[in-house]
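The following blocks contain the structures, represented as structure tokens.
Here chain A shows up in two complexes: once beside chain B, once beside chain C.
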Partner chain A sequence: MRLNWDRIFSILLIVPSVIAIAIFVYGFIGWTGWVSLSNWDGLRPDLSWAGVVNYIKLFSNARFQIDIRNTIVFTLFFLGASMGLGLGLAILLDQGIRGENIFRSLFLFPMSISFIVTGVAWRWLLAPGDPATGRITGINVLLEKLNLPTSRWYTDPTVLYIRPESGLGQTLDLIGLDFLTNPNFGLPLAMFSIVLAATWQMSGFVMAMYLAGLRGISEELREAARIDGASEWNIYRHIILPLLKPITLSVVIVLGHISLKIFDLVAAMSKKGPGFATDVPAYFMFETTFQGDHYSQGASIAIFMLISVSLLIVPYLVYSTRTETKV
Partner chain B sequence: MTSLRRFFPDNFFKHIALPDGHPLSRLPRLGVRLSFYLTLLAASAFYLIPIYILVMTGLKPYAEANLAQMWQLPSTPSLESFRQAYVTLATYFKNSIALVIPATLLSAFLGSINGYVLSKWRFRGSEILFTLLLFGMFIPYQSILIPLVQTLQRVNQAAQALGVPESLNWLVPGYGSIAGLAFVHIIYGIPITTLIFRNYYATIPDELVEAAKIDGASLFGIYRWILLPISMPAFAVVLIWQFTSIWNEFLFAVTLTQNPVIRPITVALYNLAGSYIVEWNVQMAGAFMAALPTLLVYLFLGRFFMRGLLAGSLKG
Partner chain C sequence: MSAKSIAFRLFILLGVLALILAACKPVPAPTPTTPPPPPAPKKLEIFSWWTTGGEAAGLLKMFDIYNAKFPDVEIINATVAGGAGFEAKVVLKTRMLGGDPPDSFQVHMGRELIDTWVVNDYMEPLDDLFKEEGWDKVFPPGVLEIVSYDGHYWSVPVNIHRANVLWYNTKVFADNGWTPPATFEEFFALAEQMKAKGITPLALGDVGIWASVHLFEVVLAGTLGPEKYNGLWTGETDWGGPEVKQALENMVKMLEYANADHSALSWDQANDLVIQGKAGMTIMGDWVDADNLAKKFADSGWAPPPGTQGVFIALSDTFGLPKGAPHPEQVKEWLRVAGSKEGQEAFNPVKGSICARNDCDAALFGPYLQSAMQDWAKDAIVPSLAHGAAASESWVTYINDVMTVFVTDLDVAKAQAGLLQACKDAEVCK
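Showing the complex of A and B:
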């Protein structure tokens, strides 16, 4: 009898949280979805039905198209840089380095800092100076002293893309891929400043993940491979890296969903940038909704962001729940 | 093993340290080892430069604090700009403290209760429910922001209609109040805190709980006398994790606090750094100040921070 009451009470205990999440996550997502299909434009809520017109407007919006390009470029380079650096540092630290604790703490501390502080610090570090007076500032001063080329960093409006008149561009035209010869399929140079700051902040996390993984691999395994005559390089290439795959999956999920949502760092560092060179959907959504009062348009950007994150997260959650119930 | 921990190696929740008997030299050649150390030192410089610039510029007088002289040491170091930054930011610093402390404590409490039920009182569908909760920590908050603002504004209207006296307005979890912002952080903290506690309690043998049940311990008795006394590591992880995330948070803070008086430090710093009136050395000192509490937590409680990071590595 007692246990039955306990069973009922146990469920009652989590009811408040379940209701809160049901309303504040799922209910509000539905609400935002509804706003995105409404005519609400301006301060006064207007939830009359508009259909998908906001989405059609969104995808034909030049700024939004640039945002998608920027998000893809940022995600690829941010993940590549953080994972490369993080894995590299983890492997180095796994070689029995003296003062490993100190190095590890140094690489990891940026994780504890707000993206706003990171953005402010890197905005000043990468401030390129004034082209009118020729006065250079920040990191550029160091680069010039070392005789390295300076950069305009996040103020650079340049987008590298395949020019239609170039040889490659004409070849693409011949095989019907001429749509690629467009800045929307290019690399905005300013975005690399954001990549640099984000990598500074997050690569330590990747290092910690991989280091934990490396420490989980038994020494006997390496020893056995060494006895079989495998070189250190081959041990990493054929034994250790494959064993780190589950970690890589976690890292991709974590960094990927951060990069699809990135907002604070961009807002603090460069905002939309020259010619929207550092604009991202989250910043566009913020401006559209809370500064422009175009609520239904803002909601459609929010739903787009939710879908892009869900494409990454939902398979992961489903997969991890499934594998768990099998155990 | 339970849940998402499947993706992590077994030693994940332990402190990452050099295991006993770790061979201190895998690569015997001096040149190779030297190049390792040089690479690590170069990497250290990369991670330290932004902090170095924040502190050094903060120590400079206004005349020396400009972008072209960024790398020169201050001729006469002074704490004047830190004092000025403190004067400018003190209100917001206090706002952040008033926000972070209740929000952190309450969300740890909620997470502990949820984690207890979802690990030791499982029921049909509790796994699916847990997965549905978890989804809440990945969503871009933009996708709930418009309804959230509207709802919090309605809370204010309701409080007004109910005749809540003005002196108690700060307690109303509505739009434009610290209580409202804390409330939001508690709600959206439920998934991560539940995850950490659930995974922690899952490591405690079910037999212990079953034996207590047979001995007649109740739902609350088991929690109070068996789980709570050994929950301190999980509480440490969750408290530090929530403290850091809420202190550093910006999106909710900037959209839910139109009233300048109640802004948290991240929003104040954002506005300070965007202004052309405030001197540069003061901005840098301010940025360092905003980073200081979480940096200190990291320095002194880094071990727990590390665990939180890895346990909750599913959150950004």
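Showing the complex of A and C:
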């Protein structure tokens, strides 16, 4: 292609940001990757080659195994709850109710708060007190007044899992799936307090996304379906929800990468929690790197998190590039 | 392309180039013809995690003494809030590794100072200062030994805290005719009586886990005695042995008497339960005394926790001189203030700790601190685990992880295996 003024200008304008991103994003990713393969354990940098031994140690680390379980549980329940709630709110608001603006802002407001503030506020709200001695605090006071069972919230160390001695556990044992009868394949109850706080914060965002999607669906489509005799339920089931698919995908990407990297909310609310019930890889990385001086271990956690987020985002990028070229 | 649009693009491009050039502007090399720059205003940056109540007030008192002597020095009070300094240490490490050390920073005496900073060659030795000030005579030999490594002194201790104190509410104890327990048997018997009265026997607030590690070190010292406790940190006492097992079992029993929401509370919130009479006792360091005074709680009682009579688990805050500190001359004067009788007598009564020097005037201190000064003079001194004196930070993080699981599953065998492995990972045990 012939070089003209236009091209030179565009290249020159782009060069500074390319250089900055190359150094400050990809350069540092490469550096972290290198550290994760080194012997750097202690305050003094030691970049001698260690190979994948840090990763092997990491995956056999009991705390890290718990962290992976927690991340999966958090991601599934946080995405499920915020998307369900967000879609529900969006559909309700889309019915043309009065004062829609007020409700829309009301549901969006939590998003303008940082996770740290959310974490502190919910830590106080869910502070359980000690029911054994009748000292009850936070939301539990309300539950007690309404004669509802109180909860230990984020201080509950219970992990629900399939006990090996239970009927299901013995069946699993018979078909060779006995590894599932392990707390590492369980549900840590304390994590649901974090899910609650995160959902409170992010479901408004999901609502806004879906509301925008719903407004983009033309009224003619609904009219056409109604003329064909479709019920309102069927209109949503077969027309509207399929048309919202691109929105759903964007929401999954945005919420998914937040939840895989979550740190601030957990750090403000419960830290690693009782018996690591609310520990997440990012918090483990913070502690092991900056408190324990295990820099290479911290770097390997960082690379693990990068890969897990890429597994989510790269297919999306490939998909969206393809759709764009088609159009 | 229109002339206007080319002009517009050129304008943007020039703007971008100007920004880049401004960022790359070289520092002009000094030439013999230019006059020397005016002397920089004298500064002194002191890094600590003393941000609240008595500790912040005590630090400011030392600053006042310094500024009275050197009014032309501007002191930068660089603090990072957070209990036991966990957040502050993170910031400090980032600054030290990045080649931007503060002039002087707060660091716990013992392995935290030695293993993190001295062995890695980040500190300047302070032998001359110790000699000039005669500190080798006024600091107790045990303290001098802990701040030295390789035959040199590395930091100046400003205070001493005691980790093993059992705090109780004298009014509640008097009403029920209770006395503080001296042995584990007495402790558990008393705990049963408290439980029967609907009082939580042991208040614990271990958000961030260090308070549980703190409780564990007190139980360890109470079960093993001072010599075997000291042996844990040198590899002479076996972490897999029956004494450590006994200590873990004692800890399990204690945790059964603790408040259920301990992982949601901080140590001062646990102390509130004692103040309000909702809990019987709490085992915490002697910073509880400052908390009680600040909360105007007059019925505070204290005793050594079970098995630790005659044992003083010590921790100390010290200041040193990092390599590459921007204002080393000012730092030396600061360290003189921090180690002086005047400085320590101003700081410690407010902070709620005793002097590291042995010549402070006891009349300046409150009743608890006076009793601590007497114990300090006669007790066996052992280092604290949770507060950086006994083990390297790397080792403490491993122990923290073991205790995090232990306080919820109470599995003694698993915890003991974990502690043994932690000792091996720290390269102290073989």
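By our rule, the second predicted complex is superposed on the first by the 318 of 327 C-alpha atoms of A that agree within 3 Å, B and C clash if a C-alpha of one lies under 4 Å from a C-alpha of the other, contacts with A are read in each partner's own complex, and residues count from 1 in each chain.
As a working rule, a contact is a pair of C-beta atoms (placed from the backbone, for glycine too) under 8 Å apart; a residue touches a chain by one contact, two chains touch by 3 or more.
Source: prediction; values computed, not measured.
Student: Quick check on the superposed pair: does A:32 touch chain B, chain C, both, or neither? Answer first, second, both or neither.
Tutor: first
Student: With the two complexes superposed on chain A, say which partner A:250 touches: chain B (first), chain C (second), both, or neither.
Tutor: first
Student: Among the partners chain B and chain C, which is in contact with a greater number of residues of chain A?
Tutor: Comparing chain B with chain C, the partner touching more chain A residues is B.
Student: Scan A:164 for contacts with chain B and chain C and give back first, second, both or neither.
Tutor: neither
Student: Which chain A residues come up in both lists, the one for chain B and the one for chain C?
Tutor: 6, 9, 13, 16, 45, 123, 127, 129, 135, 286, 290
Student: What part of chain C is in contact with chain A in the complex they form?
Tutor: 1, 6, 9, 12-13, 16, 19-20, 86, 89-90, 93-94, 96-97, 116-117, 120-122, 198-200, 207-209, 259-264, 273, 278, 393-394, 397-398, 400-401, 404-405, 407-409
Student: Looking at the complex, which residues from chain A come into contact with chain C?
Tutor: Residues in contact with chain C: 5-6, 9, 12-13, 16, 41-45, 62-63, 123, 127-135, 152-155, 157, 270-277, 286-288, 290-294.
Student: Quick one: in the complex, what on chain A touches chain B?
Tutor: 2-3, 6-7, 9-11, 13-14, 16-18, 20-21, 24-29, 31-32, 35, 45, 85, 89, 92-93, 95-97, 100, 103-118, 120-125, 127, 129, 135-138, 141-142, 200, 204-205, 208-209, 211-213, 215-217, 219, 232, 246-247, 249-250, 253-254, 257-258, 260-261, 263-264, 267-268, 282, 285-286, 289-290, 295, 298-299, 301-303, 305-306, 309-310, 313-314, 317-318, 320-321, 323-325, 327
Student: Once bound in the complex, which stretches of chain B touch chain A?
Tutor: Of all residues in chain B, those touching chain A are 1-4, 6-12, 16, 18-19, 21-27, 33, 36-37, 39-40, 43-44, 46-51, 53-54, 57, 66-68, 70-71, 110, 113-114, 116-118, 121, 123, 127-129, 131-136, 138-148, 150-151, 187-188, 190-191, 194, 213, 216, 218-220, 244, 247-251, 255, 266, 269-270, 273, 280, 283-284, 287-288, 290-291, 294-295, 297-299, 302, 305-306, 309-310, 313-316.
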